[in-house]
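We call the chains A, B, C and D, going by the order they appear; numbering starts again at 1 in every chain.
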């Protein structure tokens, strides 16, 4: 499983995107799907940095991937705060502009883009987020 | 002297321009000068059609040219009304927009563009307008 | 000559293709007048594909500008090639009509 | 990310080059706020050279639109590539912000 560790800072997001772009290419995704996968991973890592590490400077994010026969599996590992994804409400975009709340799209994007999104918290390997995109 | 005769109608102006474009090219003028020469001839022929023939339908315009050592001589022949070019005042463009009079630029353009502009009227060959552009 | 038009929020764009001489200038004049009669006073004239303009054509532009200004609007020109510029310079058109290099700039000036 | 701006008569054009993610979105937010603080309420955002936008970036656009509308203006987007469109579609951005294919159309809509 190719794997790369990044500093848990927003400046890592571009490098993470490059790493994931490679993964998507190896898995044979077209540019549009590759872009979507990068978006899902960016949302996941932004959340880890912003919420999991609460923008502390010394967290790490470890990105792993595995090319599957019919897709790509990405595992993102962190050692920050855990949270209950089931308690995060689905954002509502069907409201008037002035009622839009500027938050809470990240998890939704991840779930819309990826075929599987699974969180495991506080095991010996830290928090694991496993996402699978099938072709 | 290459020469071509055209019907004295506004629809001939494009054909006259093509004939003059050839002449300018043979004389070795660059595209900008060739354009200016076409403009001078267009003004001359527009005047013949509008004023000389007063838009009667049966006049003729005969265009002749001669490639000179250092330029081009164009002779335009018509059999319409004569006029006194010396009585035509120079147009004044240095006025306020609302005071501009929408007439009287043709002769001025011809003189500005060409190095020589000479009218002869009512001789046995009709009216002759000779214009020379030097390089 | 072919003339096409397009409406933007604050102006009408007129584009002509071909020659503007004594033969065709009346068509252009008619098109401008139609637009002005419809209540517009902002007109951008795209000359990218005009390949000739005589004094007759220049008068159409200048008279159109007179009407636009009277109605608190303006005519502007855009994409004026070097050859067209020569003709415009002979009549000092730039003193009466603003000339833009770029369509977006022209439309954005209204 | 690089951001350039240009003023037209009725709107400001903002062009960004690069990624709009949690790292860079605050810069863009700052630029929009500067423009709005200067009294403009018409903004066109040229995305021709944006190659990534995350939800954080989309919120900047949507919040900017809120302010523009409050001030009787609007934000419009232009040159949105197919990839950017995917992200915009996830949040139904087109219901809140007009998207133009062409810069002149965008500027001409103000």
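Brief remarks follow.
As a working rule, a residue touches a chain if its C-beta (ideal position, glycine included) is under 8 Å from a C-beta of that chain, and two chains touch if they have at least 3 such contacts.
On a predicted model such as this, the values are computed, not experimentally measured, just so you know.
With steps allowed only between chains in touch, the distance from chain B over to chain C comes to 1. Of all chains, the one whose CA centroid is most distant from that of chain A is B.
Centre-to-centre separation of chain B and chain D, using mean CA positions: 55 Å.
Each chain gets one centre point, the mean of its Cα atoms, and the points for chain A and chain B are 75 Å apart. Computed centre separation for the pair chain A/chain D is 25 angstrom, with centres defined by C-alpha atoms.
In chain C, no residue touches at least two other chains. Taken residue by residue, chain B touches two or more other chains at no position, since every residue touches fewer. Contacting chain pairs (ordered by label): A-D, B-C, C-D.
Residues 19, 21-23, 52, 54-56, 58-59, 62-63, 65-66, 69-70, 82-83, 86-87, 90-92, 95-96 of chain D are the ones that touch chain A when the two sit in their complex. On chain A, the positions that touch chain D within their shared complex are 10-11, 13-14, 17, 31-32, 35-36, 38-39, 42-43, 46, 49-50, 91, 93-94, 97-98, 100, 102-103, 105-106, 108-109, 112-113. Chain C meets chain D in the complex at residues 8-11, 13, 103-105, 107-110.
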